[in-house]
Each structure stands twice: as C-alpha cells, then as structure tokens.
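Next, two complexes with chain A in common: one pairs it with chain B, the other with chain C.
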Partner chain A sequence: MKRTPGTMLLRWSGRILVGVILVFVLLPGVVVAISAFNDRAILAFPPQAWSLRWFWRAFSYADFAKGFWNGLTVTVWASSIAVVVGSAFAFAIHRYKFVLRDVLEGILLSPLIIPHYTIGLGVLILASQTNVGRGFPLVIFAHVVMVLPFVMRSTYISLENLDTRLELVASSLGATPLRILFTVTIPLLIPGLLSGWLFAAILSFNEFTATLFVSSQATQTLPVAMYNYVREFADPTLAALSVIYIVVTATLLTIANSFLGLGKILNVDAH
Partner chain B sequence: MQLDGVTKRFGDSVALHEAWLKIQPSEFMTLLGPSGCGKTTLLNLVAGFLEADNGEIFIEGALVTETPAHMREIGIVFQNYALFPHMSVANNVAYGLKTRGVEKKEIARRVDEALEIVKLTGFADRKPRQLSGGQQQRVALARAVVIKPKVLLLDEPFSALDKNLRGSMQVELKQIQRELGVTTIFVTHDQSEALSMSDRIAVMSAGRIRQIAAPDDIYRRPADRFVASFVGDANVLNGRLVERRGDVAVISIGDVRADVPATSIAEMSVGEAVDVFVRPEHLSVTSRGASRSLPGTVTTQVFQGGHVDLYIDAPGSARDRILVRVPGIAALSSCPVGTEIGLTIGSDDIVAFPSGEVP
Partner chain C sequence: MNTRPFLGWFVSPAGLVAAGLVAAMLAVFQYSVRAYIPGSLEVGGFTWQNFAAMLRPLYALAFWNTVLLCFETAVFTLILAYPLAYALVRTNSSALRSFILIVSVTPLFLGEVVRTYSWMIVLGNNGFLNTLLLKLGLLDRPVQMMFTAGGVVAALVHVTMPIMVIMLAAALSHIDRNYEKAAESLGAGSVRIFMTITLPLSMPGIVAGFSTAFAWTFSAFATPQLIGGGRVSTVSTLIYQLGFSSFNFPFAASLSIIGLALSLAVIALLKKAASPLERMAGTT
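And now, the complex of A and B:
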C-alpha cells in the first residue's frame, strides 16, 4: 500500500486508540494491585510506604475464609447442577424440533437480560412465600438460574461442532441410540462440558448482586463478605484479596486453556 | 438388495422419486449424478438414516423399510471418513464388533485381519489425527467391512483425496470389494470414477434414476440427453431423420449419414430435426471437401499428453464448437489454428434425441 500522509495518520491514530483502550481496560486492576502493597491503613494511590501485611490479613480474616469455603460450596454445586440441566436442555433444543422450542430457549437464556438483583429479589420472595429457609439450597438455586445460559451456550456450540456423521456411523455399526450417547456423543462433548462448568464456576464464584439478597450470615459467599468488610474498614485488605484472586483465576484459566482449548469451544479460533 | 418404488420428500420438494433398483449379490453398483440429484438421499434411505415416504426396501430378501439403522447390518464410509477422533485405530475398527458382543479374543483377531486387508498393520494404536487422508480412509473401510455387512455404502469416498492417491485407492478398493464379495453401493458425481469401478451404474438426475446399465452401455448407448451429456464428453450435432429401418434409424448431418438406434427417436417422423450426440474420440480429421465429411475450422489446440484436443468451429453442423480428440501428437503440427478441415464420424456408437434444449 502506498504510504501517503493520510494513511500514516490513520495508522498511527489507530494504534494510539488501541493503546488508550488497553490502558483503560487494565488501569483499575493495576491501581488496585499497587494499592494492595500500601503500608498505611487507608486505600490510597500511589502508596507512600510498602508492606505485605494486608495479604496476611486477607488470609487470616475469619469471614473471608468462611466466605471462600461457602462460595466454593455454592460454586461446585451450582455449576455441576447447571452442567447437567443445561446440557440436557441444549441437547433437546439442538436435536429435536418441538412445539414451543423457541419459547423454551428464550426462557432458558432470559437470565442474560434479567438483572441479577431481580433474580435475587424474586428467589427471596419465593423463599419467604414457601417458607424455604435461607440456607445453601436457596443460594445454589439462584446461582443455577444465573449460570444456566452460559452452560447451555457452551454445550450447544459443542453440539454444533460435533459431526453428526460420527453418530450415523456408530448406528450403522450396530450401536443403539443409548450406546451412541455414551460411547460417542458424550465423550466428544466432554471438553465443552468442562469449559461450560468452568465458566459457570467463575461466574458463580464472582456473583454478588443476587447473592446479597439470598444469602444469610451463615451462607455468605466471598464477594458478600468483601462487601460487608468494606462497609466497616477502608484498609487495603480488599486490594490484597483482589491480587490473590486475579492471580489464582488467571492460573486456573491458563491451565484449563492448555488442556481444553477454550478458544475452540468458544468458537473464537478459526477452524 | 432391492428398492421398490421408494420416494422421499423434504417438505414440498421430492428428493427421490419412485426409485426402482435391484442390486445383485456382490455387485458394485454406482449411483452417479450431479449434487442434489437424490443419490445421497437414496444412500441414507438404504442405511436407515432417513425414512422413506413410499415404497419398500429389501436387503438380502428381507423387508427393512421400517428397520432402524443399527439393526440393518450395513457398512458405511463417508466422504470425511467420520473416524471416532477419541478412539485409536484399533478401537475404531473394533467398534462394530463390540456392539455385537463379539468375544474379546475374536475382536482382536478380526481387527488385525481387517487392518491387514487395508494394509495398515502396525497402525492399530495410532489416533485418527495422526494418519494421512489415505490412511484414514483405509481405517474407515476396515471399520465398515470388519462387521461383514450385508451392504457396503460408499459416500463419495475419494473426493477428499488428492488426484494421484485417488487412482491407487480406487484400484485397491475395487480389489478389496471383489475379494470380500460384498454388495456395494457407491455414490459419486465423478463419471470417470463411476465408469472405471462399477459393475453397473445408475445415472440419476433431479430425484430420478435415468438409466441403469453396465458402464460401457451407459457410455455407448445413453438412454436420454441427460445421460449422454453427463457421462463422458459429447458433441451435439444438428441432424435430420432420413429413414427408418426397424431398430435402426438413418440420420443425416450435412453430407454425412449415420445409423443410430431408433428407440430414442421413436416418436419422430422422417424429415424432422434431431440432435446427434457424438463422442470426441469418434470423430476424425480429414481434408476439407473429402466425401462424407463436415466442413470446419480449427479454433483451439489443447495438448493433453497422450492426445490432442482440437476445438472445431463448424457453424452448419453444430451450435457449439466441436471437440475432437486425436490420439498422438501429430495433430499439433498438422492442424494448426485456422486450418480448414473436414470431420468424419468413425463409429456406430452415436445416438440421436429429439431436437431441443438440454434438460
């Protein structure tokens, strides 16, 4: 291409724009990460003196530990239930034509557009109407509803990428539909199911808005515990917790990506 | 293996219209036609992947129209081979034996045997993605034949292979098919593949079987215009019906007279215009003005190695340019572009159809 001043200007303004966007995307994380190392008991940027003591406090604060284990319990249950339920629905929607199929799909994907506080509030009202206690089942139920669309999407894409001729060949070789499901379909869907589970887990573990409504002191998850903490204290403990969180999540995702090839499942890799 | 008036509709369109087909045991039957002609639909109906709207399907004399695919005992090889990517070569081949509850030792023996037939001994533990296209196809073939299917279905199995490999795989497949004596239905749109491999060919178009015959009969005596123009190259010359003598009709193209089978123009009366189909190799070049020749001018030479293709402009005799296939390379120098020549017809294998547009 000919390099006229016009195209040069366009090229450089493009680069600068991309640079600015990247800076803004990363900025909040970077600011918080640096604040975590502040020695003083206020959230300030840039820090005047440096310390690791807020990391120690993040680990030792009892509500955080409790919130972490609560969150993990909710996450594992909610993601696992969502994978089973969501995959079954995705399978039905992908493979069969039936009355109200589009309606069913719309309902199952609706948590994407319904705000989380609405879901939290709705579950809370339902619980009090039916006298269901505010225990873990309630929190897990709300989380399943919220992560279901993501799990369905993930399974649906895996089903789209699955060559149906594999199943046809299996049936020509004498396999019953049930045998095909267990020897061909499910084994080939496993990467998709696992990545669906993983995304559900990340979303569920991070979920705050709805959880605030449906959890109690006994079932509060880590984000809720963090919210309660910040109402009382303004020290950099939360910043330290954020750093830990980012590092752990990034590590898990990197490992998962190398095993599962998330790009392929999310359909962002070229075939 | 038999189809009695099988019809399949998708919505309003008829994918297969009353197909009648009888395949002999051990026969290699090819379904030949352009894409969308219904050949794949027919294959899927035989396999049990689709249900027929009308008609009956029999395999080895037994009615299977309602039998689900997994109880039909057929073997199938798809264009993309459809190997199970999560299983080793051995497990791919063993799949159909496991579903039948064959004993473990027997499975191992038969898998070895099948891999030996397709010359893949030693590849048992590989995964499909570690194999070349040709090797994957062999695995697919081994997987299909190891269950001793009543019918072997091949769905365009060569179209994903490169040209050199295709030729050798064709020879090999035909050999394996003959040795095993398995009744085979082979689907292709490639007419040279069909001509070289088949015992018989069913030429299909627009959901209908147009002709069922041995390859040489299809080539020499096409039943209609579609078959004549789809299988092999054909020149369409402007002719006229001159005389009828029983099974034979005499037609004229300019000064040239030729005998053609009368059946394909049975409805026509003497003096009416007919389209005469002549293969490029059945025409030969002579000097302009020679008796019983058609005048023409060479417009293009295409050197093909073993033969030369000459394109002849002959406005009086044909609407399109006439293709003449001349063996050897002499024509390159003897018939340069612009040469005025005469064309003679040197074969009885020409056919005529009522004049009209190609369907």
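And now, the complex of A and C:
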C-alpha cells in the first residue's frame, strides 16, 4: 500500500475501531473480576475495601457444591454416551448407505436449530406422559440429544482424514472386521474422539435453558443453581464463581489447544 | 462375507436417541392442540384455542418484540464482529492474532448465565457504566439500563459475538488476495477495493453468521429473562412463565411450535434473500 495521508488515516482509525471493540468484548470479564474482590455486599465502583470472602462463600454455598457434582455427573455420562453413540453413527453414515440414513442424520442434527427451550419442554412433557420421574436419566438424555451433533461432526471430520489403506492392509493379512475396528480404526480416531468428548463435555456442563426445564431441585446443575442464586441474592458471590469459571475454562482451553489444536475444535464449530 | 460389518450395532443406539427426540417433539405437538385445565397438570380434549389465543395483542407483541430483538442483535453483532474478524485474518502480528482469537473464543465456552451476570454488573444502576459516567460528570443521575430492551441487546450482542467472528474469519480467510492485488494495480483505492471485492466475497460468511446470530438470539433465555427482568417479554421468557408459573403447558407448547416455525422461516428467508448476492460473489 502507498503511504499517503489518506491510507494512514484509514489504517489508524481501523486500529482504534478494533481496540474499542476489544474493550467491549473484555469489559464484562474485567468488571466481574474487580467486583469479585469487593469486600462489601453491595456493588460499588471502585471497591472501597478488598477481600476474598466471596470466593469462600462460593465454595461453601451448599447449592453450588451440589450443582457442581450434579453437573459433573450429567456431563460425564452425557458426553460419554454421546461419543459412543455419535461416533458409531458417524462411522455408519461415512461408510455405508442404508434405509433411513438421511432421515436419521437430519433428526440427530436438528438440535442445532431447535431452540433449547423447545427440547426441554418436549422432554419434560414426554416424561410426564410416560410417568418417567425427573431424575438424572432424563437430564442426561436431554444433554445427549443436544451435544450429539457436535460429536458426530468431529468424528466425521476424523474419518474423512483417515487413511483407509491401513484397514485394507490389516484385512489382507487376515484380520477380522472386529479386530480391524479395535486395533486400527479406533486408535487412529482417538484425537477426533477426544476432542469431540471434550467439546461435548464443555457444552453439557454449561447448558442452561433445557436443563432448567428438565431438572428438579435434586438434579439441578451448576448453571441452574447460579441462575437461582442471581434471582435471590445480589452479593458478589456469583462474581467470584464467575472468576473461577473463567479461569478454569481458559485453562482447559489452553490444555486442549496444546494437545489437540484450537483450530481443530473450532472447525467443528464453525460449519 | 458381510460387506457392512457392525451396521446394526452402530446405527441402533443412534436410532434410539432419534426416536426419543422425535417422541419429545411429537409430545410438544400433541400438547399444543389440547385444552388447558386450570390448576391441573392433566390436559383436556382437542382444541385450536391455544393457537387462536396467540393473536391476542399481548402474545402477538411478544413475537414481534422477539423478532425485532433478534434482528437488532444480529445487525449490531455483524457491525462489531466484522472489523474484529478482518483484523484477525489480515494482521501481520501473530501475537495480535492469537490475542484476538483467544479473547473472542473463550466467551463461547462460558455459558449464558455467567455472561449474563457479568452484564448485570456492568449495566446496573450502581453498576460499572453508570458509576463511570457519573464520576466523569457526563451524567447527573444514573440512567436506567437494566430491564430495558437496549440492555438486553447489548448483552445478546456480546453473547453472539464469538460465533459471528469465527464464521466471518473463516469466510475472509478463503478470499483469494490476488483479486485485491489486481484491483490495486489498476489504481483502485483501499475503500473501493473493500467495497467492491472483499465485502461481496465475504457474503457467504455474513449470511451464515447473521442467520446463526438470529437463531441463537431466538433461543436465548437467561439473557432476556435476567436483564429484561420481566419488562422485556420474548417468546422464550413467555414459554417459561406459562410453563412454570401457571402450569399452562398446552399454551407453552403451542407458543414454542410457532416460535420454532417462525425462526425457521426467517432463516430460510435470509438464505433466499442472500442467494443473489452469493451468486454475484461467485462470479466476480
């Protein structure tokens, strides 16, 4: 580019614009971090005194601890079931043609566009019609439905990149299909399965709207417990919890990035 | 020899999940045409009453508000996300690139409640923004930002930003830079290059991002519920209120069906409206 005053002006205004937008994106996180260390129960800027007591309360508040363990239970079950079911199905649609293949695929991908409150309402009505209680299996089922599309995609992408000649070699050496599956195909798919599991787990742990519909007092997950807290109290406990949340998520993302590559996970998401 | 090993084993669990999902959706359909019996969780006989009731101004207004809210959110998200995606793809500094990437991606994994709560602290009457503006002497007394449609839009824009940035960045990174270089060598200025080449070529990303932002906003619940505080009613907050305050599940079901149909229609319309633009981008 020529360095005329016009292009210089354009370039600098572009930089300032990007800076302002980044401030907008970062602002809530910074404000939450500041208020989490505020000593007083009422929000005030700038805080007059600092303390860690809201972090202590976030850890000792019984509903949060229970919500955390409930959420972990739901997340581990839901994302593990989704990885087994979703990757097996992705394998089948990648390799074979069969009756109702496209219909099944369409149905299982539809939670990407169906609002989560519709899914939650549907599962809740179904449960009341069939007299299934609002226990963990119900919450786990709703979560499996919602994270399945992401798992299917990440496995499908890995299958696209799989060198099928390795399977042919094993087959020509006399290996049975079952043996090929467990000694060649699945080991080669491990990175895709892991990133699919991780992505499903993060989504499931954070899912709120559908969970609010299908969970009960006994099965409420952390986001639901946090929502209930905001409606009752106005102190900075939730700010402290948010800070913990942000730090843990950023750490997990950094680990995922160094092992699996953020681009890979995003690829799953960006299409 | 079986040419499709494991087919049954691999498809049947997925088939079970699909059957469950279809049953849940059918349950919503079935409830939407049943009568509501006040004070009871049982439903009555067949009726169109729930759909007829939606024509009442209160509910018609909620639909109109929701569409408007989604549209405003998608427009503002696009305006703010485009420069960020452009900088992400075109910057020469790798430090800036990873900074923008991490800053715009982390919120994607934080969940609606955490992000909405942080906006409550920013927008409240004793919140960050009001305090800042008062201290700077730009205001005499706090401006009401919580419980307003504007506050809801600001928070929703923040919620939908990451996905929009990712989609726009994907589109921008696939543009062949040679077109821009050719235009430059023919004497076009940078503004003209952007308007006639870069912007039209990034149209597929704009359409994809815009409709995703629209759909996300349509299904958002925590943000309009907490920041709107009951004073901004959307389809999602109405459904929750009908279901869990008055236990009118039939009406909640019919609302969510119309809501689903409406959001699908708007997304289809957006795709259709954008197809001439995409074709244009394909031939330039």
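In this section, the second predicted complex is superposed on the first by the 250 of 271 C-alpha atoms of A that agree within 3 Å, B and C clash if a C-alpha of one lies under 4 Å from a C-alpha of the other, contacts with A are read in each partner's own complex, and residues count from 1 in each chain.
Keep this in mind: contacts are C-beta pairs under 8 Å (C-beta built on N, C-alpha and C of every residue); 3 or more make two chains touch, one makes a residue touch a chain.
Note that the coordinates shown come from a computational prediction; the quantities given were computed from them, not determined experimentally.
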Do chain B and chain C fit side by side on chain A in the superposed arrangement, or is it a clash? fit
Considering only the touch criterion stated at the top, classify A:V145 as touching first (chain B), second (chain C), both, or neither. second
By residue count, which of the two partners contacts chain A more extensively, chain B or chain C? C
If you stack the two complexes on chain A, which partner ends up touching A:W50: first (chain B), second (chain C), both, or neither? neither
Which superposed partner A:A170 touches (first chain B, second chain C, both, neither): first
Looking at the overlay, does A:S110 come into contact with chain B only (first), chain C only (second), both, or neither? second
Taking the superposition on A as described, I'd like to know which of chain B and chain C A:P187 touches: first, second, both or neither. first
Following superposition on chain A: angle at chain A, chain B versus chain C, Cα, nearest 10°: 100
Tell me which partner A:V25 touches in the superposition: chain B (first), chain C (second), both or neither. second
Distance floor for C-alpha atoms, chain B against chain C, superposed on A, in Å, equals 8
Chain C-contacting residues of chain A that also contact chain B: 177
Provide the residue numbers of chain B that touch chain A in the complex, in ascending order. 47-49, 68-76, 78, 80, 82, 84-86, 95-96, 99-100, 143-144, 147, 153
Which bits of chain C are touching chain A when the two form their complex? 2, 4-7, 9-11, 13-15, 17-18, 20-25, 27-28, 31, 41, 80, 83-84, 87, 100-115, 117-122, 124, 126-128, 131-132, 158, 161, 163, 166-167, 170, 184, 189-191, 215, 218-222, 226, 236, 239-240, 243, 249, 252-253, 256-257, 259-260, 263-264, 267
List of chain A residues in touch with chain C within their complex: 1, 6-7, 10, 14, 17-18, 21-22, 24-29, 31-32, 34-35, 42-45, 84-86, 88-89, 91-92, 95-96, 98, 104, 107-108, 110-111, 113-119, 121-126, 128-129, 141, 144-145, 148, 177-178, 181, 202, 205-209, 212-213, 223, 226-227, 230-231, 238-239, 242, 245-246, 249-250, 252-253, 262, 266, 269-270
Of all residues in chain A, those that touch chain B in their complex: 163, 165-166, 168-177, 179, 183-184, 187-188
